[in-house]
Amino acid sequence: MDIKSGAIFFDILYPQIFILGVGMLILIVGNYMKSRGFIATLAVIGLVAGLLLSLEQWENPQSGFFGMVQVDNTAIFFYVLFITAGILTILMSRSYLVTLGIERFEYYALILFSTAGMMTMASSSDLVVIFLGLEIMSVPLYVLAGFARHDIQSNEAGIKYFIMGAFATGFLVYGIALIYGASGTTDLRRIMADFSFLASHAPVLTYSGAVLILIGFAFKVAAVPFHMWVPDVYQGAPTPVTGYFSVAPKAAGFAALMRIFLYGFADMESLTLILYVMAILTMTVGNIMALLQSNIKRMLAYSSIAHAGYILVGLTAGGEGALSSILYYLAAYMFFNLGAFAVVTLMDSRAGSTADIGEINGMAAKYPYLAAVFALFMFALAGFPPTAGFFGKFYIFSEAVKGGFVWLTIIAVMNSFVSVYYYLRPVVAAYFDPAEKEFSPVAYRPGIIAVLLITALGTVALGFFPGYVLEISRMCMFPFM
Amino acid sequence: MEKTILTLVTFFPALGAILLLLVPRSQHNSVKSLALIFSFITFLISLFMYSMFDPAASGMQLEINVPWVTGFGIGFHLGIDGISLLLIMLTTILSVIAIWSSWNSITTGVKGYYISMLLLETGMLGVFVALDLFLFYVFWEVMLIPMYFIIGVWGGPRKIYAAIKFVLFTMFGSLLMLVALLYMFFMYQSWAGVYSFNLLDLYQLPIAREIQTWLFLAFALAFAIKVPIWPFHTWLPDAHVQAPTAGSVILAGVLLKMGTYGFVRICLPLFPDATIQFVPLISVLSLIGIIYGALVAMVQRDVKSLVAFSSVSHLGFVMLGMMALNVQGLEGSVLQMLNHGISTGALFLIVGMIYERRHTRMIADFGGLAKSMPVFSTFFMIVALSSIGLPLTNGFVGEFLILLGTYKANATYAIIGASGVVLAACYMLWMMQRVIFGKITNPENEKVKDLSLREKLVLIPLVVLIFWIGIYPKPILERVEPAVKNIIKMVEERRPSQSHTAEFGSGVCFQDEAKGHCTGIRE
Amino acid sequence: MQYIFLVPLFPLIGFLLNGLLLGRLKKSVISLIACASVGLSFLVSVRLFMELLSLPAETRILQETLFTWIPSGDFVVNFGFMVDPLSAVMILVVSGVGFLIHVYSVGYMHEDASYGRYFTYLNLFVFNMLVLVLADNYLLMFVGWEGVGLCSYLLIGFWFEKQSAADAGKKAFIVNRIGDFGFLLGLFIIFWQVGSLDYMVVFEKAPILFVAGGGLITAATLLLFVGATGKSAQIPLYVWLPDAMEGPTPVSALLHAATMVTAGVYMIARSNVLFMMAPTTMAVVAIIGIATAFFAGTMALTQNDIKRVLAYSTVSQLGYMFVACGVAAFAAGIFHLMTHAFFKALLFLGSGSVIHALAGQQDMRFMGGLKKHMPITYKTFLAGTLAIAGIPLFSGFFSKDEILWKAFSSDYGSPWLWIIAVGTAGMTAFYMFRLLYLTFFGEGRMDEQAKHHLHESPKMMTVPLIALAVLSIIGGYVGIPHVLGGGDNFNKFLEPVMKGIHGEAVEHALLSAGHSAALELVLMITSVGVVSLFIFLAYYFYRKNSTAMGQIRQKFSWLHKVLFGKYFIDEFYGLVIVRPLVNFSLFLWKIFDVIIIDGLINGMATIIGDISTVLRPVQSGKVRSYATIFVIGVMVLIGYFVIR
Amino acid sequence: MIPVTHYLILSALLFSVGVAGVISSRNLIVMFMSIELMLNAANLSIIAFSRYLNIMDGHVIVFLVLTVAAAEAAVGLAIIIAIFRNRATINADRFNLFKR
Amino acid sequence: MMLETAVFYAAAVIAVFGAIMMVLQRNPVASVLYLILSLVAQAVLYVQLAAMFVGALLIIIYAGAILVLFLFVIMLLNLRGEKIEQEKSPIPTATKLILSLLFFVELVMIFRQFSTTPTSEYITDAGWQFGDVVPVAELLFTKYLYPFELTSILLLVAIVGAVIMAKREKGEDEGEM
């Protein structure tokens, strides 16, 4: 055991503790406070404080709780990502929740809890802790998916997400069991150290265990063929929640995947092939299925599958570069994908909205700025420069080429070619298609405006000046690698 | 000033676009004027830049190289040689003209339109000044978006189809280019030990022959689609016909040149072996394009699509001359890029002008316009003649040099290519015949007003250029020559470069540091 | 101080003034500008000519470089002019005849609404023509070459509202372009072999750098000749010239008779050095020339349109000139070019006068008896007819006879050439007199109203007629051959230019002179005899016994049909080239572009869409199915390790 | 003596039965219970491994997994209640509002 | 030793039988009861594997709490009567069974290479009692303190979630249930 990690350093858990604390505070206060706005503000404040506390630990890798907690730069990067996603989600949620009549204070608490769970996932190198973090993240998400209790679509999203999620958890646990059986530990550091022994001593057990763990997280990041829940859940869940789904848990899934497979099982060669095939399948299925969707949420669901595929390309490439490229991509992806969902949320906050693509018609004429921002997000999703989407893809693909995966990269770019078609469809609808009926007015709220501004700014800034975030992402690595 | 002038030229229109954002939507006139002023000042700046350019010096001038994404060796590296200089001038002039020409034709979404135009200008200029491959790629893609909107929002009845086709075609090519670009990037890294997207650095990189082939194909596909080389041309007629007038002007005038420019700037010097290897293929495709474009243009019923197909033919000439790989051919090719921009740009303007009056572009709907619109017809005639390469107009000098150069390289190509000159006369004159000559059969053609002052002023600069280049092309040619010679030198000298490719040959092995073994190239 | 550039400059100024101020000037000002500009350039030409004469024969070259036109690597072309005897003759003819025709036009076009436009074009033409002949390199010549083609296009289609006129213009341009295509390729060969396009350099170096009689020089000259056939309306590219008669008559006179169409002859004479090195080409030139002369002559026999007769006659006469070139008698060709310019311009202008009087009527079947109404026109026309028929003492006699003699006697010639040429001369006499009789003699066949309006043309038109008539008569005296006691001055004047027949070739030329003077005289008399015979025939058929003609026509109706239909060459071209080309193009567009290329792309898109459709049912919405797929995924992944 | 493999195979069998339950049952409750069974199967193997390796960490892991199962059960059943209120069924196949 | 084997097989058979019956039962209440049966059998195996404490937990928590919760919900929803109608599934049940069987085979093959050493021969540390409460607790509150704390969060979250999903708001329809 590590010299330092034997001690129990509560201070390295301050961000989580703080966020959890605010979450509990909301649970308490919520019962007495009428003002939901206040609750939301409280949640945001909590997250911002968590963010600041996280930044405090930058460039100061620490380990605690017998090595169960490892707060390194990578973890901090993810902290920031999760917290930002949480803040943005909360900011964009209010008007939607109010319109649907489902605004309850627990909503904000759940997002905080889920965020804390993700942070736990990202900051551990022990399979058991990662698993627990996953559960702390997922349980609130199950609830959030079904948060609109009176809406049968939301119900259905909740139950599907829950059943599939629990099902995947079963495999994950079984995988952990196998790894435990093979190595006698769940500590990734020890697994990495002993990997060559494991691979020769009990190869099938180790590999199968690793694969089952992979599957558990592949489910979370929506990799094919473990993606089936995604379209239904994304479509059914309340729109801001969908936005949150598409970003935060996915990032958390990748955080875990990277910890496990770029660190613990980094030497597992045969995994490359699996990731290779999975990446291709994920991109292709996501993109092709997205082509014919007429519901924006569903289309974005498939799109998020495709994006998971691109990130898997980076994971396939492996190496340090892969880690930072994925970090960069996730950061960029958070901005434009949440931005896109913010726009959809705004539209969905109107009565009678079904998020059908035809509802966008005429948007540009009535709300030119909203349409412009929406188009920006679509172009970013499609990977046009100078948006963040482009540089993200560029970075990932460059890592793949560097790793020698030229054909994989070609398939990836062909995929992003296909994706252009469906990402342009909302733009076509917003700008080109004549509106049959008037684009009904949307209600701008300060929160959603802030989200749109932040995400648009992030999308553009990360595109124009990728250097800064790039440097940061390159400072992230697993310190004990 | 030396260092900033290119940045200024490139981003001045974008600055205008940002300022336009602040103007209220309803104030059409201020929007228009502001856009015009900004594009015009850009033009003035580019004139200043022209004066700063030293015609005698070879190599890049007015360079600026600021690190941008240091982690990737990406720099904000701008610089021009004679070739880029000309294309920049073309872009700035055509942008002013295009913006001014849309004065009355764009009535909806005015603000968005002019913002798109200005952004488009920045995108195009960026492609021509970028000396960093990454930057080049960024600009290359960036300009797609405003063009997409220009076609899609302000276009004709099938605008959506055309806009999407345009974007998808271009994207298809450029994405493969991205892979090739990355591949080269890492090759450079393993050769030189540092990361760099700097084109001038990459020029030094020796690449094994078979890898060159692949890289060349990837880049060439992107450029070929843009040019467009037959058979990748089918997006062009649709895009041209559906785009609004100014869009067509820019599309034909500048955007297509980005493809040919790409070939000159990237494919030729970077992959000399592959270039030599692909000369026959590209030449033959260009020849097919020349003949094909001309023949198909001949039977068009819509003036605009006729001009569009004529572009296919003309760009065939440009590529043919380039593939001659000698001074005359390449110089002619560069000059012809310019010429095509001017002539075809003017043709589209002219078509736009009658379209505004008659709301049709069908050849059959016209006839006898020379009677009712003599001034218009004169302009039309001059431009058409320049387009078919009549001596003392710009088209002649370019086509002559191209064919002269091509003849040296391969006489058969030149002979076939020259037949395109005849066919050009056929389709152009036949069209003129049916549009401006003959009896007025449709009474509506009798009442049409001749050109307004604004329209005349829009056309006059182009006509002046047509004759200037036709009569006194020396200032242009002497600026192009050092650049062209440079490129030829690079192709010639770096050919069969067996000696120093040894360490990075076909058996290339990418050292994967994390895994510590050779993953090789999976192809 | 060089001032050659003034020659083309004046018409250019005229063009610019008239063109830019179009519609704002009074007619009188327009005509003043137009005529004065050409007149001035004529005066400068005369001055240049004098200056040239003042120099010793060997150094009769004036050169002037204005600026570098196209510099590209080792390819450098200047905008430079050169006056030597050949171009001196040409500029005199062009500006002189041009001036007369301008003056004539003032009267002829007076009523036309587009008066200004007309003179604009005309000045532009003169400018281009002067550039063509003054150029000191091939490329600049090509500028004029295409320039005159453009003007021809514009002027033929001057009355563009008439569909046929516009069509004819287009046809002229395109056919000329086909010729130019050859010209250009010829230039490429020359440049890459010699390294320059300057006449001086080319003619100096060509004998060294080309293998005489070799494939390259033959190809180059043949290609140049293709250019000449286009411009000078030779087989197979002559088809545009008869149609070109749709233009105003003075245009036909200037462009399609006197000057532009002779550019091909000028070019070959200019390139005599090259052509002399390629005997094969020479033969081709001669054969094409004689064939054109003959066939055009036959076609002229049956035409009813007064201008078309003249047009075919022009084609035929141009054939003569090519024969001259083909037999290395370049000077003779140029001589005929000059005299032809005089009398053919005269004939066209005369016919123009007739048409003017008849308010646009061009069909000879509706003419006749104009002699008494238009005496001046008649007399001048007669002079022209006599000149073209080759009646001794008229200019045409000297030049034509020179060609006939050279065709017979030259090393490149042959008796067969002579025989066909003489036959053609006979035909020329026949159709010209037919024209004369039908137009000026007999009863007036026009309708009453037209008859009433008959009048002699105004002074503006008759004065140029008279001037040209004088030239047609005396123009030949500059080149009276030795055999008739003349000094052959014209030949001598041009000799410095004809470097090609110096050196080795000069021996042959001298040898040909070895034929006896007696033979030359005999042949001369024979040809005059043949011509006289045909004149009599014409007199017989059209003056004396017009029914006989009808009978013959009946008897040989097929022949008449063929001749009247101009051998159906136009139809042939239409059927074999134009139609298939258009259909092929339509195929390319509608089938290849739209169905195949776009189809392929759309097909791919459809396939991707179909995949999407096929995959959709998998997303059934049922959790159990999702789980099943999940499990399959797990099995595959684990299976990979288990089975491996 | 009972080899550890026996326990493992038994756990595999239980796990497979759980999987079969999830993929073939229509009843949400049964599906859910099948998932619980899968977790238990995993637990069994952990215990077996623990015994085999003579390391007690496995027991703690099982303890933790049990907690997770409890938490999931609570939430899952709550969701089932919620959906039953709206749809009056727990037939999983009926929940397919989003076809395609 | 025979006894040990007999107990193992008996427990194994019961566990599997319970599991299968749980899946096959139409009546959810019966399903729960069968699952409890299976769990009890598994607990026996735990004990056999020297996992006394965890085995006890399995009975107490799983059978005693979780499954009772299931039962409770089933009763609450009054599901006994509900007939689940036979709808066609895109994938036939037989296929699914074969799939599960194959999956089982695969899992078995994973253990193929695993050592076949009998469990009872494993050395147990003399110092502490393997599987007892004390050593488990020792681990839980030292090395596994952090996961342990996390479970508290998890349970909290689960409670909150359950409340949100199942609680009736004021004004909500008090309807059928």
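Each chain carries a letter (A, B, C, D and E) given by its place in the written order, and its residues are counted from 1.
Please note the rule applied: a residue touches a chain if its C-beta (ideal position, glycine included) is under 8 Å from a C-beta of that chain, and two chains touch if they have at least 3 such contacts.
These figures come from a predicted structure and were not determined experimentally.
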In the contact graph of chains, the distance from subunit A to subunit B in steps is 1
Applying the touch definition from the top, give me the chains sitting in contact with each of subunit A and subunit E. C, D
Sorting chain pairs by contact number gives first D-E
Based on Cα centres, what is the most central chain? B
Please name the chain that ends up farthest from subunit A once chain centres are defined by their CA atoms averaged. C
Computing the C-alpha centre of each chain, which chain sits at the greatest distance from subunit E? C
With centres defined as the mean C-alpha position, give me the subunit C-subunit D separation in Å. 97
Whole-angstrom distance, CA centroid of subunit C to CA centroid of subunit E, is 103
Could you work out how far the Cα centre of subunit B sits from that of subunit D, in whole Å? 63
For subunit D and subunit E, what's the span in angstrom between their mean Cα positions? 6
Numbers and ranges of subunit E residues touching at least 2 other chains: 89, 96, 99-100, 103, 107, 109-111, 114, 143-144, 147, 151, 154, 157-158, 161, 163-165
Return the residues of subunit C touching two or more other chains; collapse runs of consecutive numbers into ranges. 616-625, 627-628, 631-632, 634, 638, 641-642
Full enumeration of touching chain pairs: A-B, A-C, A-D, A-E, B-C, C-D, C-E, D-E
So, in the complex, the side of subunit E touching subunit A is made of residues 109-114, 142-147, 150-151, 153-154, 156-158, 160-161, 163-165, 169
Contacting residues of subunit E [partner subunit D, same complex]: 1, 4-5, 8, 12, 15-16, 19-20, 22-23, 25-26, 28, 31-32, 35, 38-39, 42, 45-46, 48-51, 53-54, 57-58, 61-62, 65-66, 69-70, 73-74, 76-77, 79, 82, 84-85, 87, 89, 93, 96-97, 99-101, 103-104, 107-108, 110-111, 114-125, 130-131, 135-136, 139-140, 143-144, 147-148, 151, 154-155, 157-159, 161-166, 175, 177
Where on subunit A does subunit B make contact in their complex? 262, 266-267, 269, 318-320, 322, 364-365, 368, 379, 384-386, 390-391, 394, 397-398, 401-410, 413-414, 416-417, 420-421, 424, 427-428, 431-433, 465-467, 470-471, 474
Complex contact set, residues of subunit C against subunit D: 616-617, 619-624, 627-628, 631
Taking the complex as given, what residues does subunit D use to touch subunit C? 19, 22-26, 31, 92-93, 95-100
